[in-house]
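Once you scroll down, you'll see the structures, which are given as structure tokens.
In the two complexes below, subunit A is the common chain; its partner is subunit B in one and subunit C in the other.
Let's look at the complex of A and B:
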């Protein structure tokens, strides 16, 4: 029995499983009001998935509006609302970038969850008309030695590598962070950046009555049915049912071929509008395309090529099978479009056409199963002003100042602390993870992890390039979500500037617990407010992003974790500043910015004392801006041989990373309290290496911008050790052994030499 | 000099190989897997990637592509052919080179800057390199573990057909640290490392990879 529109009209009292599909009673009744009848089962499926938290942003919308209110940016070509924002980087080039979460699927089925997270964000970028050129993956896991982390981390890393490597996209950066709160709630965020010429920008709209709607790419199967609404909108409970069948399975080969096929289609200008099929599959693509264009569309669902002929129409509409795209094509271009698809052996099928009826109609077996105003599905979902409450424990957390914690008091203790810190899971070498990713493919990677930002060349003839960094600190945000979001923004901004690129735009992935918990909602609202205020000071637009709620197990939410991605432009990548010391034998080391007693939320307090309390480091965005002026100006004048941002683990960590990266020793002096100098996490600081004869000019430049600069010491070519004068010295070999051993010991050995 | 670079569905480093040919002074020519015509090229590069998604076995499907019919035929007549990574796998599947490339011993994909020792400088692709020189070229593979029967290995060694060997650590468990081999005539070379990713100081760990491409051009001109 097909639940057609006619049947629905005749059976108004037929009971419908709206609550199993995640809809509240009032939401269901709103659908009835909109349609003037009960929805058919297919319509109910579409509304339920499109009105889920993940697709509708119903809890976050009222807060996210602040990003739209930011001052107009000259650089912004396409803003929030499309698949991804587009930024002008000059010379006729535009760049599109976005970050998304794939947290819940990656917990249920880590390999496929992480893999399809990459696949989804890459299709968003492709849909804008761009060639994807790089990916990055900020990751958060439970305690490093927890059994479930052993299950999740290796498979997530393998999934990201397995998919991204096979697409031919260099992985240029990201993060790997461990914290108890992410056990059971790993965060797998994925960022993609793409490049196009201005004239190649494509939008998701179905305009022009009579134009054909073409579904192309993989066939539609039963995978991922309800994945979005079931997986992203429900909290994991210990006794919940198995969710495995809802996770999508990816095929990177199909996506790689789809990328090349799309780029050829774009080059021949064969589409009027295009949309990828991700969360909510055909329901999302057809309603979004038609509500953004001429307003109407008719689809014959029987034409959708299936992998499983037993699928019901509701399942076809909700399927989240990967590697599919939906294009709107002028009738005169259909033959040519099909020929390009045939060349790449991509399945393509005309499934419908555009009209001006104002309705999306879908037929199945000659019966009308959907007749809806598409906007009501795609854009007029419920909007909630959820109650908010400042967490009750926040005052106690603030009062628990890390100043009470015991500190090392002798040089020997400091030396031992340094070795423990660099070996701690959060600060140690991440090569075990990153060497599973291809960073070379496409031949344009100028900097990649562990550098401050990934830098990719866009134009071989001029050297124009982009830099990207992502950052976030859940502990800071737990102590103060407003400041935490700004600190994440400041760090990503600083990381981009440290490589010599000028920051241009922001994308965000906001990972939080349940929005139905007023304390979580308060954290979310504060973080959004902090980010919006921060972007206003720095003059950066937010171009798009993603909200991930329900990252919690039972009543325990993760630390609020806003991950901020910043994109910058560099006019000539040959002038980028790398992090390795020793590029010049006469290198002088300086520290920029000021160091205070900033240990609230610090890596030291956490890894040494399992302590989280006090206040996060103060953030001063005007000073961050001045610091960026110095870093970009110095790169343009070629004053620097090395630079590295100071963040988690403070100066000590940065010194170790720069020395090991360049395989060169250093001799540094620290004044006052060596512990504070080495391990405090004050924001707004960068460690730089300056060739001796440029020091005067460089300190002048710092003075012009009011940025404090203090000489620390020099590199010591020929003496491979890190010396803190009057305190201790550690041979680089000992540092490297401590720094490099942690992840292989936890997750698997390196191959032995033969 | 025209150097063809084949694009199979799933090829990834095809444009990188074209760039390397260009930087070496050659003229890169795009070849399509479905086309038997080699477009009058003087040499062919089979680039890295995951042709046909590496389904069945790496290189097993690509080996049957129409373009390979001509490549196999012309290789027998002396056409210089360089297979890099997936290209090496395709050459083994095509029986232009002996042995096979299997899953890395540690079971992970691995991308690192790898030290190599050059052992044969008489092939079409290595004649400009120094014998016993140590060079640094990226490796990036999940199935780069070279294996062959002991008598095949002994013959390769005896005939000097091990072109490059891993030095300072074996990244994938390849038997006898073998990173690249050639056929008896030295015109067909398979490399697991990626010389096309070491052609510019800006983007590579070295420019040591350029020598493979300039070898071809210099040898053919002289």
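Let's look at the complex of A and C:
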């Protein structure tokens, strides 16, 4: 029995399982009001998934509007609302970049969840008309030695590497952070960046009556529709299909072919509009395309090529099968479009056409199963102003200042602390993870992990390139979500500038607990406000991103974790600043910025004392901006031989990383309290290496911008140890052993790269 | 010693990229008659007596099959 529109009209009182589909009673009744009748089961499926938190942003929308109110940016070519934002980087090039979450699928099935996370974000970038050129993955896991982390981390890393490497995309950065709160709820965020010429930008809209709607790529199967099974079991007899799985399996080789096929289609200008099929599959693509274009579309669902003939129409509409795209093509271009698809052996099918009816109509077995105004599905979902409440424990957390924690008091204790800190899971060497990723494939990667930012060359002849960094600190955000979001923004911004690139635009992945918890909602609102205010000061647009709610196990939410991605442009990648010390034998080391007693939320407090309290480091975005001016100016003048941002673990960590990266020792003086100098996490600081004869010019540049610069010491070629004068010395070999042993000890020998 | 056979297959709804690749190759080799290919894994275990099928199922569920995306059948050979 097909639940057609006609049938729905005749059976207004037929009970429908809307609450099993996640719809509230008032939402269901709103759908009935919009349609003037009860929805058919297919319509109900579409509304339920498109009005879900994931697709409709119903809890976050009222807050995210602040990003739209940011001052106009000259660099922004396409802003929030499209599949990804597009930024002008000069010389006729545009880049598009975006970060998304794939947290829950990566917990259920870590390999496939992480892999399809990469696949999804790559298609978003492709959809804009760009060739994807690099990916990055900020990851958060539970405690490093927890059994479930042993299950999740290796598979997530293998999944990211497996999919990204098969696509031939370098993975140029990201983060790996461990914290008890992510146990049972890992965060797997994925960022992709793509490059195109200005004229190549493509948008997701179906305009022009008579134009054809073409579905192409993989066939549609029963992936990712677990939740909709309830409808299928209603329409089918009890002996119908098996319960559908809620996970998706991707095929990177299909995606690679799809990328090349799409780029050829773009090059021949064969599409009017294009949309990838991600969350909510065809429901999302058809409603978004039609509501952004001429307003109407007719689809014959029987034409959709299926992998599984038993799928019900509701399931076809809902399926999240990977590696599919939907294009709107002028009738005169259809033959050519099909020929390109045939060349790449990509299945392509005309499933419908565009009209001006103002309705999306879908037929199945000659019956009308959907007739809806597409905007009501795609954009007019419910919007909630959810109640907010400042967490009750926040005052107690603030009062619990880390100043009360015991500190090392002797040089021996400091030395031992340094070795413990560099070996701690959050600060240790991450090559166990990053070496499973291709970082240099395609030959355009200029800097990749563990550098401050990933840098990719865009134009071989001019050296134009882009730099990208992602950062986020859940502990800081727990203590103060407004400041935490700004600190994440400041760090990503600083990381980009540290490599010599000028920061241009922001993308964000906002990972939070349940929006129905007023305390979580308050954290979210504060983080968004902090980010919007921060972007205003730094003059950066937010180009898009993703909100991930319901990151919690039982009643315990994760620490609020806004992950901020900053993209910058560098006019000549040959002038980037690397992090390794020792590029010059006469290198002088300086620290820029000021150091205070900033231990609230610090890595030291957490890894040594399991302490989270006090206030996060103060953030001063005007000073960050001045610092960026210095870093970019110094790179342009070629004044620096090395630079590394100070963040988690403070100066000590940065010194160790720079020395080990360059395999060269250093001799540094710290004034006042050596513990504070080495381990405080004050924001707005960078460690730089300057060739001796350029120190004067460099300090002048710092003075011009009002950035404090203090000499720390020099590198010591020929003496491979890190010496803190008057305190201690540690041979590099000992540091390296401590730094490198942690992840292999936890996760075993490094697997082969896939 | 009794021999136990465990066959692991992706659940029918799950995409099987390897099976699809094989299917794509067959017509090129002249085998036009094949319309679908699913690839799986076959395990042969030798176990001590007495055979406890429940325990072996547990074993297969923990190690041999990923129950999120795969299903298995288990037979004790005579």
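By our rule, the second predicted complex is superposed on the first by the 730 of 754 C-alpha atoms of A that agree within 3 Å, B and C clash if a C-alpha of one lies under 4 Å from a C-alpha of the other, contacts with A are read in each partner's own complex, and residues count from 1 in each chain.
In this text, a contact is a pair of C-beta atoms (placed from the backbone, for glycine too) under 8 Å apart; a residue touches a chain by one contact, two chains touch by 3 or more.
Since we're looking at a predicted model, the values are computed, not measured.
K.L.:
Give one word, clash or fit, describing how subunit B and subunit C relate on subunit A after superposing.
P.N.:
fit
K.L.:
After lining up the shared chain so the two structures overlap, which partner does A:437 touch, if you call subunit B first and subunit C second: first, second, both or neither?
P.N.:
first
K.L.:
Regarding the shared-chain residue A:308, is it in contact with subunit B (first), subunit C (second), both, or neither?
P.N.:
second
K.L.:
Measure off the angle at the C-alpha centre of subunit A toward the C-alpha centres of subunit B and subunit C in the combined model, and quote it in steps of 10°.
P.N.:
Nearest-10 rounding gives 60 degrees.
K.L.:
Is A:251 touching the first partner subunit B, the second partner subunit C, both, or neither of them?
P.N.:
both
K.L.:
In the overlaid three-chain picture, which partner chain does A:631 touch, first (subunit B) or second (subunit C), both, or neither?
P.N.:
neither
K.L.:
After the superposition on A, what does A:280 contact: first (subunit B), second (subunit C), both or neither?
P.N.:
neither
K.L.:
With the two complexes overlaid on chain A, what is the closest approach of subunit B to subunit C, counting only CA atoms, in Å?
P.N.:
5
K.L.:
For subunit A, give the residues common to its interface with subunit B and its interface with subunit C.
P.N.:
In subunit A, positions 251, 253-254, 345 sit in both the subunit B and subunit C interfaces.
K.L.:
Where on subunit A does subunit B make contact in their complex?
P.N.:
Touch list, subunit A to subunit B: 158, 161-162, 165-168, 251-254, 256-257, 344-345, 434-446, 457, 460, 573-574, 748-751, 753-754.
K.L.:
Contact residues on subunit C for subunit A in the complex?
P.N.:
10-17, 20-21, 24, 66, 68-69
K.L.:
Under the definition above, what is the set of subunit A residues touching subunit C in their complex?
P.N.:
Residue positions touching the partner: 108-109, 112, 218, 221-223, 241-242, 244-245, 247-251, 253-254, 307-308, 321-322, 345.
K.L.:
Subunit A touches which residues of subunit B in the complex?
P.N.:
Residue positions touching the partner: 9-10, 12-13, 15-16, 19, 48-50, 52-55, 104-106, 108-112, 138, 140, 142, 169-173, 177, 194, 196-197, 199-200, 202-204.
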